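Alright, structures below, take your time with them.
Next come two complexes, and both contain subunit A; in the first it sits with subunit B, in the second with subunit C.
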Partner chain A sequence: MKNKLRIAVGPVQFRIGSDWAEPIAALARLYAGYPQDDTRPADATVRLFAARPWRRWLRPSVHIGGDFVVPDALPLPLSMGLLAAEMGMNLQIALGWRRHMLLHASAVAQGGRALIMSGESGSGKSTLAALLGEGDWRLMGDEFTLIDLFGGDTLAFPRAVSLKNEAIAEVAARVDPARLGPLLAATPKGDIRHLIPRADAIAAMHEPLRPALLLFPRFGGEVAVEPMGEGEAFVRLTEASTNYVALGEAGFAALTRLVRETPAFGISYPDSAAGIALVEQLWAEAAK
Partner chain B sequence: MTDRTYRAAPPGALRIEPLGELTAIFDRRSMQTHLVVSPMPEILDAMGADACNAAGLATRLAAAFDLDVAEDVKPILAERLSELAAMGLVERA
Partner chain C sequence: MSAVRTFVDLLAGRRDPAALAPRDWDGVIGVARSEAMLATLAHSLADAGLPPAVATLFADQRAAAKVAQAQALWEAEMARRALAPTGIEFVLLKGAAYAAANMACSAGRQIGDLDILVLAHDIRRAENLLLKAGWEWVKSDPYDDAYYRQHMHELPPMIHKARDRMIDVHHTILPRTHRITPDALALVSDAVTSSAGFAVLNPADMACHCAAHMLADGDLQGGLRNLWDFHTMTRDFVAADPGFWGQLDGRASLHGLQSAVHRAARLSRDLYGAALPDGWDRQDPADTWFRRRLFARDDWGRVTDPLLEQAFYIRSHWLRMPPVMLAKHLWTKWRKR
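After this line comes the complex of A and B, so read on.
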């Protein structure tokens, strides 16, 4: 393809090709601070393409392809090309990655240990990770967290943070505007704006860390903390993992170990400040 | 209900990991993960290598846990055995 880019996020080397220059230029800006090695073989390929040649120019609509394809996925308008690229990267990893257990979870680190937060869209895991990552924590990832299948360590996947709706203003108020991508308004996922992780998070992205705490946040409602048993954490994480089934016994062993060695809690919180206070409190107890 | 006879999975077929109140079982033959609660792990443990029915199982469990065999336990065990068979963790002998 005419427009292409290679990006390394954590252990994954992406190769992204596009029929249009704009999505690649937008990605190149967001990922300018990430390690570049164009000679390294790609682990995952993303293609952004027009279904018909004339659709590159006439009402351009971006289809997402690559090593893995979701049939019937609707294309996005070119103005949302950056979102298409990000969705493509997520898709290739969610469907194709086998070297680690992949959890749909955010993660941050402090004192050489990792905190993993798993939850559905809207649980606030991404916003909490982004806000913590602007404080005393190192952002490891806002969407995916990788678990080493044999050692059990947590590996970072710090792609550009995808801020959604209310989280955009909340985070934008605290960061240098140069770290924010363009506002993508009214996408199928709501308003989206990307945040480039801090340089220290990108520099340390290859350092594996022991997991010290597992949280299952739920945004909304009164502040509540509920200790979670190993069995329930196991069930929830099998649901949060996109490749648990494909990994077979290696995934079973890794997940068993993770829930046995890591204390887990379900937390509810009414706003980000309360959420962060809860996280800090539970971390202080877990990291003792 | 007829007291059917079942056979345990061959040695090494199951990886059984207790996780608090739940027990996770990985079946190496089907690559499936099963989550069960008591008394399923105890039943699997008591099955042994030879075929056994609910009556035999009741005797073994009673011996293992130092209990008396109650008659009403057998239909419950027969039901649990048929559930384990449906999961593929034991099979009809």
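After this line comes the complex of A and C, so read on.
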């Protein structure tokens, strides 16, 4: 394809091709600080394409494809090309990655150990990870966390953080504007703005870490902490994993080990400040 | 050289993977993924010297294919438990059969739905037993349902409600309305028992079905994979029994599939370097179109020749049903859009 880019996030080398220059230029800016190895073959291919040749120019709409395609997925307007690229990268990993167990979860690290936060969209896991990653924590990822199938370690997938709706202003107030992508207003997922992770998070993205704490955050309601049993954590994480079934016995073994060795809590919090205080408090107990 | 040709050369053993430039692998991997053959390639290059990133990716693929294959054979076992107690015997077809018989083409082969073949007079009973055992209908559309039942070679697809896996229950290997009518009774009655204990088609019938599926029924989607199946199975059948080509000719003519089987053999010679005996080793000008269709992929995994793709799609329908019926069918489908 005419416009293309290679991006390495965590263990995954992507190759992204596009019928338009704009999404590639936007990606190149977000990922300029990531390591580049032009000789490394791509693990995953993303394609952003026009379904009909004239739709490159006439009401351009971006279809998402690549190694794996979701039939009947709706295209996005070119102004949301960056979101299309992000969705394309997520899709290829969610459907194609087999080296690690893939959890739909955010993760941050401190003192050489990892905190994993799993929840549905709207739970605040991305916002919490982004805010913690601006403090004393190292951001490991806002969307996917990888678990080594044999050693049980946590691996980072620090793609550009996808800030949504209210989280945009909250994070934007604290960071250098040069680390923010363009505002994508009124997308199917709400307002979106990307945050480039801190340089130390990108530099350390290949370091595997032991998981020390599992949290299942829920945004809204009074502050509450509920210890979670191994069984419930296990079932919730099977639902949060895109490749648990495909991994078979190795996935079962890795997940069993994770919930047995890692304390887990469900938490509710009314605002980010309360959420962060809760995380810090539980971490202080767990990481002792 | 195009990525798809490099991919085919690597499978055929005509090209040294160590001689590929790092950038060549992108296209090869992209093509292999779009043909659902990455794990197949990973198996055939398991002992080759590869760039570390490729070797790691290939190891992932082999491990994943092993799990997927165990899961596919478990589905076959589930079908056996649903059907065997009442005495309905079935024959495994395609991917699950290759895995059950531990054939070379099953190494890394993706297995989609579970395909089984039962005798036509057992099919209603088989359907009821599967429904009782937890499978349910996928298609709710009455036209599609009736269409399958009246004209197709299989029941409408069913999916298991707990395991989320599809089963296709066949009573023959080509649609009822197809110009060719294979001898389904002979297929079932001459089936053999595989190493895993399941019944599979005998070698000659298996090659006939593979060729029929690729060239008489389909539009050559996934053609490289079907051709790889055909190539490796005929290669190994001949190695085990030098009289195999003759038996294949006999069975192909019994089923009316001589032209498809011979074309599959010529294409596996042209692409994968199969050695063919006299009487098979011919040239047919029309093969050019098939080769072009099989090679129609760019190094991003896209089909490069949409017109040719469309032509093969129309051809597959043309073979499947008589013209008046085809017109009616397309009209109904179009109105429902």
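The definition used in the following text is that the second predicted complex is superposed on the first by the 288 of 288 C-alpha atoms of A that agree within 3 Å, B and C clash if a C-alpha of one lies under 4 Å from a C-alpha of the other, contacts with A are read in each partner's own complex, and residues count from 1 in each chain.
Here is the rule we use: contacts are C-beta pairs under 8 Å (C-beta built on N, C-alpha and C of every residue); 3 or more make two chains touch, one makes a residue touch a chain.
Computed from a predicted model, the values in this text were never measured in an experiment.
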Which superposed partner A:Ala274 touches (first subunit B, second subunit C, both, neither)
neither
Touching A:Leu95 in the superposition: subunit B (first), subunit C (second), both, neither?
neither
Which partner does A:Val175 reach: the first (subunit B), the second (subunit C), both, or neither?
neither
Looking at the overlay, does A:Glu249 come into contact with subunit B only (first), subunit C only (second), both, or neither?
both
Go through the superposed model and pick first if A:Val225 touches only subunit B, second if only subunit C, both, or neither.
neither
A:Gly17 in the overlay: touching subunit B, subunit C, both, or neither? Say first, second, both or neither.
second
Check the contacts made with subunit A and report whether subunit B or subunit C touches more of its residues.
C
Taking the superposition on A as described, I'd like to know which of subunit B and subunit C A:Ala42 touches: first, second, both or neither.
second
For A:Asp67, is the partner it touches subunit B (first), subunit C (second), both, or none of the two (neither)?
second
On subunit A, positions contacted by subunit B and by subunit C:
248-249
In the complex, the residues of subunit B that touch subunit A are 15, 17, 19-24, 26, 28, 31, 33, 35
Complex contacts: residues of subunit A adjacent to subunit B:
229-232, 234-235, 238, 244-245, 248-249, 252-253, 256, 259-260
Mind listing the subunit C positions that touch subunit A in their complex?
22-23, 25-26, 29-30, 33-34, 51, 53-54, 56-57, 60-61, 63-64, 67-68, 70-71, 300-302
For subunit A, which residues are in contact with subunit C within the complex?
1, 13, 15, 17, 38-43, 45, 47, 49, 66-68, 96, 98-99, 246-250
